[in-house]
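Structures follow.
Common to both upcoming complexes is subunit A, partnered first by subunit B, then by subunit C.
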Partner chain A sequence: MTSGRRSLAISRALLWPALTVAILLTQIPLVATLYYSFQEWNLLRPGQRGFVGFDNYAKVLSDGSFLASLGNTVVVTGSAVVGATLLGLLFAVLLDRKFVGQSVARTLMITPFLVMPAAAALIWKWSILDYTYGMANWALSLVGIPPVAWNTEVPALTVIMVLIWQYTPFAMLILLAGLQSQSREVLEAASVDGAGPFRTFVSMTLPHLRQYVEITVLLATILLLQVFDPVAIMTKGTGGSKTLSYLLYERAFIGLEVGEAAAYGVMTVIVTIIVATVALRTLFKVFSAEGLMNR
Partner chain B sequence: MTLTTKMRRATVPAVLATGALVLAGCSGAGGGGGTGDGGDGHVELTLATVNNPQMKDMEELKGNFEESHPDITVNFVQMEENDLRDAVTKDIATGGGQYDIVTIGSYEVPIWAENQWLTDLTEPLSSDAEYDVDDLFQPVKDVVSVDDKLYAVPFYGESSMLMYNKEILDAAGITLSDHPTWDEVADAARKVNSDDVTGICLRGKPGWGELFAPLTTVVQTFGGTWFDQDWNAHVNDPEFSDAVQFYVDLVNDAGPADPVSTGFTECLNTMTQGKAAMWVDATVAAGMLEDPEASEVAGKMGYAHAPVKETEESGWLWSWNLAIPETTQNKDAAIEFVKWATSKEYQQLVGEELGWTRVPPGARQSTYEIPEYVEAAKSFAPITHDIMLAVNPTKPGLWDQSWTGIQYVTIPEFQDLGNQVSQDLSDVFAGRSKLGPVLDRGQKLAQEAGDAQ
Partner chain C sequence: MTTTTIGRPVTVTRPPVRKPARWASRRARGIALTIVTWIAVLAFFFPVVWMVFTAFKPESQAATLPPTFAPDFTIDRFQAAFDRDMVPYLINSASASIGSTLLVLALAVPAAYALSIRPVKNVRDPLFFLISTKFMPVAASIIPVYMLLQAVGGLDNITWLTILYVGINLPIAVWMMRSFLAEVPREVIEAAQIDGAGLRTEIFRVVLPIVLPGVAAAGLICFIFAWNEFFLANLLTTQVARTTPPVLGSFVDGRGQFLSILSAASTIAIVPVVIAGWVAQKQLVRGLAMGAIK
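Let's turn to the complex of A and B:
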């Protein structure tokens, strides 16, 4: 008994250094951010720095840009995640079969995810969405649709398109792993029972993929919440494309308002925690209805 | 129990994600390089600079300086403009003393000087007759001075002008004078605009230094202003509004098709490919348009003063300057280097070593008297010289200003103000918003900035 307790104490003691580092690394920035959020501090006005209580938070809440940008983040992230997951599912199903050049096709499909976000945004800006020389407008012209000034007319859609392009391979990879883990025997049994490919897909494969879809949605959401590059490079936060991370950047590096930017950051964390607990819980309840998560 | 585990599973990554978000917003660029006096009289200077071509030339030639000053070594730290601003601001504001020399834009000089961050260079420069401080363009000197004291030295400077493709305008039977009006230019642009050719390339990309560089000069020549002398905002005045409406209409009728994507670089591309008839932008662009290796329109260009309406001149004024932070430990050595890099000899050195088109323009009048430079840049050097002397940064429009500067207002809040209003204007370009409400919001933001002065 005592020796058990002692070995437990030793185990805990051994854990402490790592835990301390983890706590320091994650919590110090948060505490510093909290501290700054109560300061009035414009980098270019060093003489006027001081404690202002909740003034910065009042500014965040009274100025419309926080809510607007929260809405933009939901729209941009949401559509990109849904789009990438659906397309990823489609490509995963197409790749989950034997054909000549399968591995080449798979590698090519993954490429967009390997491109640096900033480089991807530049490729889209210059070679795909350019009004005069872009491939998108060229393709539209083939079917007689007049050219579109993408970044000016539909900035939010532009960002969403780039994100879907980049994250479809990510979704595809996870879902493909899911498809390949599916037991062949079950599929054979289904076909012996007379189920067609469509029926097999809906009744057997989709339920099997449920947890893979969950993890795709969760990870993609986390990655896409931080989206910054396409906004900064292509649309500059205009017309519904100003996501929370871009707003934070603007407050800190264009406004140079350290205090206000910190308050925006803290509010972002709070809102995200609320969203994460409420929305993701609901979402997962829906997914676990069939009992996959009741382990 | 399962519920809480699930909750935790869902929450932890989300919190981590937002933590990363906040961190990403807070991390700045770290500067490198220590500053040291080895004790044997040898001084190492650290110079933080933007990574513009002219600054890279300076780094290439620093060996010449080190040869003539064997006890001084200069280390260059090159950064993007925004990283530089951030790193240097932090270093100086916290008294870090990491940098001995910094390159800063003309917008920052007066603000930083007010904060007593910069060394007063008036005496060391004017006491050296050979350096000839009076040779610097007066308007450029004005924007880097506070109370007649020089806090930075212009390394190169620029104004704005109208650049036009003579072939396209001649084909349409249009001739422009050296001092065109905006009405003439707008008519010409609408006349030559076609599916293949943009009538006039104008910036629409949001940002105080992108859209609002040309747009503020248009506002000023239309008789508008951001602020009057007492910091009352005038953003929704009829003059301001007329100017912006004129600009938006011109862009929509005969300007770039995707204005939000269009800034200096994009216009330069369109122009060099002969796909635009006219362009109002920085005078330094002329050097690139006349480069036969990069431009299809070299030799086919005409140049004129920036178009006007109510004023005589409408060019902007910008310079990249060398300044010495108050926090440096090596002031004397730093002054030596700054003097060398902005001297007449340095311009000769660039011309002889790297080519005459690479001489930093727009800082010294004598640059425009170097025969080789004038020959290399004959199509645009004389007019650049005239414009640099003609612009008036103390009163660019019809209003008296309590700040010095043309296309910007020299207050810390302006970059934020200009950025927000320009973002809203992109909704006007796209037809999502009307101009009235956008300028009303701009007025409110501007007044908040004005009240802080």
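Let's turn to the complex of A and C:
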């Protein structure tokens, strides 16, 4: 009994430093944002600060840019996650075979995920997708397709493409680990029983991969919901590429209304809490299925 | 008797007749698939190749139509990038990423230990709280962060940037370490406890050696995220504490000129993380899946 209580005290002592730091670093700014969101506060008129109730929220909701941005975030994050997962699955299947240079190919494949996003965005913007000198338009011209002004004509697609390029390796690594964890005997048994490779893949491999796909989608969503770098560097939030992170940045550092910007922040937090609650439940389920939750 | 002697050679000779044909077509399919795989992989890797290739071009051959495939190779642009004071930015990046990674591990390992091996009444609440902070865009609360830092003189200060990176990476590190620690056989710990090992011995002598690869995985992921971080570095640093990611954009002008030096600077900037990721691929996979994959 006493040893149980003592060991509980030790556990708390081990846990609290991390929790305290996390609370200080994430919750204090959040509470301050909440406080600011009820204030009239323009940086040009610092003397006229004061409580204005829900005025800032009314402005945010009537402005329309919040909902537009929310939609953009769903489209950009959603397409990037789906695209990266599908491409990642394709590459995982290709790289799961034994072939000449397998490990070199795998090493090359993971590189895009390791490339600094700011560098990736700049290289894609100027070296690959530039209207005049970009490699993409040059390659298109070889097959007779007229050049595309990627960064200005289809900004959202441009951002999605770069994100898919960076996150396909992420999906591939997790899904490849899933493929390699399949029991070889079961697959061989299926092949002896006369199941073709396609049938084996659909009826055995895909169900086995399910939890790996879930992990991929969830973690990629967490990472991509915050996407900012390619938007700021490549498109500056034009044409459907203005995600919530970029909108918040714009309101906070280009606009001068602190209160209104804070209200945008709070609205974003409310939406993410809703999304996160649903996603987290799935996450816990996945980790419980792995036997990692109930120890 | 005769039928078996006749029948036997038939069944023996048949497979050798069929086998080479089937084997050959299978082989041909295998080679075709290997070629397809390599083309796909190289196409995917191409932007990286092109960046490094462009970094070795003189500026006049960087943006041409058609592209220059046989340039006059030079390392002059790397020199130029270093001459534009890249070193202090790289040092800032290194101190913020290494510093924050060490701090994160120092906090996350004990916390994860409490959450997986030691009994805590409600395991889910702290875990839920930690991971929920990862869903919040950092941008949502950037105004107070900026103002608080301004008030304490923490803008353009590498120590404060390091501390903020701890906040970013701590939740994922706890999650990862928790998964790794959950795999440590219960019996090993119990045996140590029965032997009267103190908490310190239990952690440092018994558990830590087993989960060291996991610690490496968590550290690698934290290092990658911190080294590549752009948003906070861009807003909260200006000169003294400026890290590499927000600096890269200044190597290219608004019309896409000076591509060679941009490519050279980008190549320099990605080298530490790319090498680390290549060397520690196994840790990378385990870390990225937050320990959910063995």
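The rule is simple: the second predicted complex is superposed on the first by the 248 of 295 C-alpha atoms of A that agree within 3 Å, B and C clash if a C-alpha of one lies under 4 Å from a C-alpha of the other, contacts with A are read in each partner's own complex, and residues count from 1 in each chain.
In this text, a contact is a pair of C-beta atoms (placed from the backbone, for glycine too) under 8 Å apart; a residue touches a chain by one contact, two chains touch by 3 or more.
Predicted model only: the values in this text are computed from it and were never measured.
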Subunit B versus subunit C as contact partner of A:150, first or second or both or neither: first
First (subunit B), second (subunit C), both or neither touched by A:109: second
Which of subunit B and subunit C A:254 touches, first, second, both or neither: first
Subunit B versus subunit C as contact partner of A:14, first or second or both or neither: second
Subunit B versus subunit C as contact partner of A:99, first or second or both or neither: second
Partner chain(s) touched by A:268 [first = subunit B, second = subunit C, both, neither]: both
Contacts of A:88 with subunit B and subunit C, given as first, second, both or neither: neither
Subunit A residues touched - subunit C or subunit B, whichever exceeds: C
First (subunit B), second (subunit C), both or neither touched by A:42: first
Doubly contacted residues of subunit A, that is, touched by subunit B and again by subunit C: 26, 29-30, 32-33, 125, 130, 132, 219, 222, 225-226, 228, 244-245, 248-249, 252-253, 261-262, 265-266, 268-269, 272-273, 275-276, 280, 284, 293
List of subunit A residues in touch with subunit B within their complex: 26, 29-30, 32-33, 42-47, 125, 129-132, 147, 149-153, 155, 218-219, 222, 225-226, 228, 234-239, 242, 244-245, 248-250, 252-257, 261-262, 265-266, 268-269, 272-273, 275-277, 280-281, 284, 293-294
Subunit A residues within the subunit C interface of the complex: 4, 7-8, 10-12, 14-15, 17-19, 21-22, 25-26, 28-30, 32-33, 36, 90-91, 94-95, 97, 99-101, 105-120, 122-128, 130, 132-133, 135, 138, 165, 168, 170, 173-174, 176-178, 181, 212, 215, 219, 222, 225-226, 228-229, 232-233, 244-246, 248-249, 252-253, 258, 261-262, 265-266, 268-269, 272-273, 275-276, 279-280, 283-284, 286-287, 290-293, 295
Complex contact set, residues of subunit B against subunit A: 2, 6-7, 10-11, 13-26, 82, 86, 89-90, 93, 111-112, 115, 204-208, 256-261, 275, 412-413, 415-416, 419, 423, 426-427, 429-430, 432
Footprint of subunit A on subunit C - complex, ascending: 30, 33-34, 36-38, 40-42, 44-48, 50-51, 54, 63-67, 107-108, 110-111, 113-121, 123-124, 126, 128-148, 163-164, 166-167, 170-171, 174, 178-179, 182, 199, 224, 227-228, 230-231, 234-235, 244-246, 248-249, 252, 256, 259, 262-263, 266, 269-270, 273-274, 276-278, 281, 284-285, 288-294
